[in-house]
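These are the structures, in structure tokens.
In the two assemblies presented below, chain A is common to both, partnered first by chain B and then by chain C.
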Partner chain A sequence: MDLRAGDSWGMLACLCTVLWHLPAVPALNRTGDPGPGPSIQKTYDLTRYLEHQLRSLAGTYLNYLGPPFNEPDFNPPRLGADTLPRATVNLEVWQSLNDKLRLTQNYEAYSHLLCYLRALNRQAATAELRRSLAHFCTSLQGLLGSIAGVMAALGYPLPQPLPGTELTWAPGPAHSDFLQKMDDFWLLKELQTWLWRSAKDFNRLKKKMQPPAAAVTLHLEAHGF
Partner chain B sequence: MLFLISSCLAVLAERFQLTPQLLHVSVNSSLQRVYLQWTIPNLTYHQELKMVFQIEISQIKKSNVILVANHSSAVRGDRAVHWSWDSELPLECVTHFVRVRGALDDARAPQPGSWSKWSPWEEAHVSLGPNELLVYPKEKLVEEGSNVTFCWISGVNLNNISCYLSGIAIHGERLDAHVSTFKWNNVLFHRDTGTNFFCRHTNPTTYDGVTVFVSKVLEEPKDFSCETRDFRTLSCTWKPGVDTALAWSKQPSQRYALFEWVSGENKHCELKNSCNWQITQDSQELYNFTLTAENYLRKRSVNIAFNVSHRVHPKAPHDVNFDDVSATRARMTWRVHSRGKSHTFLCQVELHCEGQMIQEHNVSVHESGEQLFGDLQPDTRYKAQVRCADANHFWKWSEWTPRNFHTLEAAPSEAPDAWRTVTSENGRRKVALFWKSPSKSRVNGKFPFYNIVVKNMENSSEVQQHALQAPVNSTWLSLGQSSYLIQITFTNSQGTSPALVMGISRDSGNEEVEAERVDGTKEGFMISWKPQTRDVVGYVVDWCANSQGQHCNLQWKNLGPNATSTNISSDAFKKGVRYNFRVYEISAHRIAHLIQKNVGYIQELAPLKSPDVILSNPTSHSFVLNWTTYATESQPGFIEGYHVYVKSKDAQCPQEWEEVVLKGDTHFSAPDTLRREVLGYIFSIGGSTFTTKPSLPYMLLQIILSMTMCVLFLLGLCYWKSQWVKEKCYPDIPDPYKSSIRSLIKSKKPPLTIMSVKDCIPDALEIINKSEGTKTQGGGTGKLHAENAPTKLAYLRLLPTEGSSGPGPCICFENFTYNQPASDCGSCGHISVPPRDPPYHLELLTSPNNLLNVLEKDYTNSLGEIPAEQSSLNYVSQLASLVCGDKDSLATDPPMPQHCSEYKMQMNISLSSMILLGQGKH
Partner chain C sequence: MAAPVPWACCAVLAAAAAVVYTQKHSPQETPHVQFERLGSDVTLPCGIANWDAAVTWRVNGTDLAPDLLNGSQLVLHGLELGHSGLYACFHRDSWHLHHQVLLHVGLPPREPVLNCRSNTYPKGFYCSWHLPTPTYIPNTFNVTVLHGSKIMVCEKDPALKNRCHIRYMHLFSTIKYKVSISVSNALGHNATAITFDEFTIVKPDPPENVVARPVPSNPRRLEVTWQTPSTWPDPESFPLKFFLRYRPLILDQWQHVELSDGTAHTITDAYAGKEYIIQVAAKDNDIGTWSDWSVAAHATPWTEEPRHLTTEAQAPETTTSTTSSLAPPPTTKICDSEELGSGGGPAVPFWITVPVTLALAAAVATASSLLIWSVDLGGGGGAHEGTPIQPHPSQSSACLPRAQHPMWTRHSTCRGAGGRS
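What follows is the complex of A and B.
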């Protein structure tokens, strides 16, 4: 069987074409690494779950503190509670940050908030409240791990704790009981705002990391009508 | 010497002017307490003087003195004087000024009343920024019911402060331009996290608040008592009352402590409602305890003193055993936890059977006790329990220690309760024996067998023995015509019961006694009898609980020899059920003789079933009815008699039933008064209806008349047929020369042509109307009218009305089943019924409602629901209307409906046109 020169060029062109289209074959395009998408999705889901869980917990805890903290229109200015990470950053400023900074800020904020929540749990007087707080702390610990997973998937390093700011609760300067209650109020409020903003962050990040979806056109023809 | 000392003091007072010097002024905010310390600087270390001091406190300004207090104290040069004062108002609220002066208070001093100079004013105040707001007291722990005063201080730029106590806005009392207070009297506990007092100012925005922790009032421990169970430990218990703990450790739960005054020992209790105290081994018998409850605000104490030997709560007895258990006796032994043989316990022993306490005993015990239970039932399960208490100083019973035991079986003590029924069948007698399941007290154990011994009294060799195992409670025996003696016993593992003896005499089962009625009530049946012989040992009344039949469920009642009546009652008795009672007399030889039968109902009910009647020998004037198979005993009441209803079959008008009442008979023959020559009778008895045959002459008359009519009809038919054949086949040829017409032809000119009627073809057909109006019409139909007037049949042929749904004015139905005269019933004869709703009248169509009615009527008519009067209007020809109506008035008057002839379709057409006209008018 003898091959002519024209046949060889044709086979080469065919081989090149096949090789060119190989990446497009879905079965061969699997690298085994699903990327950060699933972990972002899980983080987003966990954030929404925590938002829901906090709604119930905050209601119980603010009733425990008594009026005016459990009144719906109680909205005092944040005068104390300086050590709490503030979630009330200007939205444009927040959006101007890059993903790494936003994730880092999230991680640091939840680390601090978790520390304060654990202190809250230790001081709670009723067993039911302690149970709810412990459950929420466990969930928040999971969110921290989840954010760390997203940062690792995206190649960002975890923030290093500053010297002297270990995640251990130390009683601050002697507050009056009322101001201590106010701190608890602000802790729950800041936590709620952080969770709301984090959910938006993770949703935006999830969409950003998603590959463009293939357009599917479904053409339906109706005959005989 | 005394003079010398006095002189020295006087010199001191003059020389040194004992003016105090304030060393330290401090404040405890939570307690709202001011602490003062001062000294007398001019005193030497060894000098000690008794002095009185006056302290003056002012608020806001020095001249506003709110307190002047005296304080006496011994003063030395090396020792400061301490004094404190509790302020109602938080000390931070306003500026406070304080100063002190002193005077000698020594009896040795010549002039004890001269005050020293005042110390300089000491001032304490809070400095504020211009936009600052502060609320006091910052920390406050109070008890329920006390009073709290809040104050708030605002900077110079804050003018409109709003304050809230537990979320409710309050209005304070202004002390000055920047200080306000609010007094909360009789504070209440809201929550353990405290009550919040909150003030705020908007623009500039600032706020401050405080939390007041209100503690519940500590209660005194209740029901404090101590006891020992083992003489080693005293266990003290109490009811603690409310927990006064507050959140965030502002106040922990109250603590309890025991103090024993004799030994002087103290113990903090770990639990809030109990505490154990070790009994010392030095034979301390008296104890005096004080229990103290304490929180941050209050202490409460209770005290008890007791001798420990009076507070012994024994442990439950142990080693409870039964020995020597027989059928009727048992002995129980037990032991107690005792301090020794000198100590006595009182033990309570109870014996229970089937949940009921049947015996109770009190026994004194040192270390072990015993109790003998008698009068027990054989083969019975009992529960015995014992508890003990200190016999000398009763304090508390120990817990019960229960144990169960079972007595042994014993031989049955009583004879079975049995009865029999005897029936004769084919020369033998069938004896059915029944016995009641014996009570436990009669059996004394388990009873596996019933023993039945049958002896022939006339033949001692004939003995039958039967053994039946429980729970069988009946059997039957087949005996001859001799006298028999039946013995029934039951046997358990311990022996045999006494025998029940029943004699069967020769005439048993064949006694004939007339049953008498007995009236029952809800309470039962009262059966009475007359003693018939003197040699009687008793009576037995038996009956079937389920009335008669296969499932008799025989019941019996034993009565003494002196009884002459008894009331038989049972929940099983039902209304409408017949009960048969038999009264037997039991002779000394145990032979039962039937002496009386009674039958009755608790309440009679109406018969449910009618007799099945057989009609026999029916003739035109006689018959016999039989219902001998009718079972009266199964009826829900006594059958007093029967009602036979008779009436004649040929009666024209509705005839009342003739009632014949029969008493007791089960057949009925027609009485002479009913034997009439009529078509037949209809009988009714119990719902059954019978008809007798009509009489023979009437039948013959009917047959003869029918046959005559048939013959006449056949003769007429044959004649008509022969005439028809003759005309067709052999017509008569007229002879013109023999005709009388010929003479006419000859006499008149021009000659006339003779027209045969047979050769004419009719071109129109006329309707003959039978109404009265028709009779007055033209005489063209006079011949027909004259022929039709008396006949109904011809009319029926002309106007077939088989499909009519209602009576028509021109139709006659002859109903032979009714007996009314034709004039009464109206079914025969020509009744002129005026039209109810003439559908063609123009006036009716001018109204839309009428139009609608007409349309509806027309529609329903078109569906076939033809009104009665229209159903008689049969289409013959369009010309028929002209015959029936007035020809001249047709063009001007609307057509009136005719009763006997009309053209229906024409009505509809004209109706449609009328509707259109009506609409046009509108």
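What follows is the complex of A and C.
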């Protein structure tokens, strides 16, 4: 991983790899397993809950950052220096993702985002912000566990961090205050976009995995969606 | 020797004719087009004629009064839309046409109104525009779409001339879209731009084919069905949720139901016999805004066919309420107004009617000379449906206050006969 001078994301890379193993895979009771359907539904519901929670959290945090970050038509260029996981994807590629890849991308994204959020929490100035962020992190942790559960139910392995990414954490020169705030802005924006994307990802998974017993109308995905 | 002379003569004549022709039919035959602003003043010169030339002006073939002239120039003050037309000036004596002007009176464009919407998410979105006030002259519009720094193509709509379509290349983008439009005409220029996130402009078309039907044997039910809008490309991965509103025509207050899936719903609290108006709206489950309301469906719940009057019937005087059926009509034969709550109360429990029937039988047997009551307690009738009591025409029902009949329990009521719904 490229450690750029002044790149706060790079500094956190090591921290994130350490925290990678934190989301615990819930032990699934396999007997009488209704299939992954209910847990996909639960995961979908969690993304909606988190999206709702994020709206108020982001509002508070952006106000704390102050103008121009809290202005509704603030439209900065994305410099691309950040290592945030990007939700944006080519339309056709997204439609043709297989289930495993779809779930893996979600899992990896939220693992990273959770890590960055925790770092944000540590730097937050007010106790109220820290409380809100901590609460959100806990919920996000729950979402990760839920995704892990779905993957386990479907027999997909959880993604592991690549070997060789363990780096010693050396503090670099401090980010400028403004650039740091830009990083925070993009983190929240990317998080919100990922939650919108996940809702759609899990909708797609839900439809593909209608439990056969309950389905009076069996959906055959004949057209390439 | 004689032959070349006539030829030369013809040539000279032809040349002379050509000169005369060009003099008479000057290039001013094709009118000069001129745009002027509404309310302004304009002076139209008569081509290249001298200021003191003697000319007559006509507009659309009608002579203009000489007091509008300033020498050979036509002066128009305070231009109005009616001043638009073909102005021509002629040499006064020879009626030789000097000059023509096609005058258009209009306005420069005001700031255009631009809005974009995605009713085909995730395929793409469209933008449409219009001017808040007319200019009365032709305008040209130019639309540019930027996604970050990338320029996107906006394809003109084949049918509508102020709409264009953009296809999404990428979904779930954190970068906003910026759509700019500039409008210009002969008198001026204006522009505007809007910026938005991919998710905020999602708004489906209204649901289609909304149909409401009565449910047989159910005077309080209406079955409503509809279809997802045909423009929504992928309802499987991008499911819609629906919002249904309904009210009887006679009331202003809507009832609302939000439905997270399915394209059918049964209304179970309709007022019997009242015509209803029903509409449905749609929204993506997670993002964007609600569609407009669908075309309204009308339906009236099922009502029982009235039975024929029989000769022994003494239909009691009962006022049938023609106003709202919410309040119990004042002069009915109801003893217990509890039954006529606003939405209809619960049906009389069966176990209450049994002892009452027994009591009634005993009363009748012991006091047969007294004809107090003649009520059929078998049916529930329409009493608890919130409608005015329609007495069964074949039965006479005289209702005495409860106090005179201590054997009546609190829950017994006078009711017209009729099938329990």
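Here is the rule we go by: the second predicted complex is superposed on the first by the 166 of 225 C-alpha atoms of A that agree within 3 Å, B and C clash if a C-alpha of one lies under 4 Å from a C-alpha of the other, contacts with A are read in each partner's own complex, and residues count from 1 in each chain.
Operating definition for what follows: a contact is a pair of C-beta atoms (placed from the backbone, for glycine too) under 8 Å apart; a residue touches a chain by one contact, two chains touch by 3 or more.
On a predicted model such as this, the values are computed, not experimentally measured, just so you know.
Colleague: In the superposition on chain A, see if there is space for chain B and chain C together, and answer fit or clash.
Modeller: fit
Colleague: I'd like to know which partner A:Lys189 touches here: chain B for first, chain C for second, both or neither.
Modeller: The answer is second: A:Lys189 touches chain C but not chain B.
Colleague: Of the partners chain B and chain C, which touch A:Gly66 in the superposed model: first, second, both, neither?
Modeller: A:Gly66 sits against chain B, while chain C stays out of touch.
Colleague: Considering only touches as defined above, state whether A:Pro77 meets chain B (first), chain C (second), both or neither.
Modeller: After superposing on A, A:Pro77 lies in contact with both chain B and chain C.
Colleague: Go through the superposed model and pick first if A:Lys181 touches only chain B, second if only chain C, both, or neither.
Modeller: first
Colleague: For A:His112, is the partner it touches chain B (first), chain C (second), both, or none of the two (neither)?
Modeller: After superposing on A, A:His112 lies clear of both chain B and chain C.
Colleague: For A:Arg130, decide between first (touching chain B), second (touching chain C), both and neither.
Modeller: Once the two structures are laid over each other on A, A:Arg130 reaches no partner at all.
Colleague: Report the partner of chain A that touches more of its residues: chain B or chain C.
Modeller: Of chain B and chain C, C contacts more residues of chain A.
Colleague: Give, as a whole number of angstrom, the minimum Cα separation of chain B and chain C in the superposed three-chain arrangement.
Modeller: 6
Colleague: Please write out, lowest number first, the residues of chain A touched by both chain B and chain C across the two complexes.
Modeller: 77
Colleague: Where on chain C is chain A touching in the complex?
Modeller: These residues of chain C touch chain A: 122, 148-149, 168-176, 178, 195, 199, 234, 236-239, 285-287.
Colleague: Inside the complex, what are the residues of chain B that reach chain A?
Modeller: 135, 138-139, 164, 166-168, 190-198, 200, 205-211, 213, 245, 247-248, 250
Colleague: Quick one: in the complex, what on chain A touches chain B?
Modeller: 64-69, 71, 76-77, 79, 123, 125, 176-182
Colleague: Under the stated contact criterion, what part of chain A meets chain C in this complex?
Modeller: 48, 51, 73, 75, 77-78, 86-91, 94-95, 186, 189-190, 193-194, 196-197, 199-200, 203-204, 207, 219, 225
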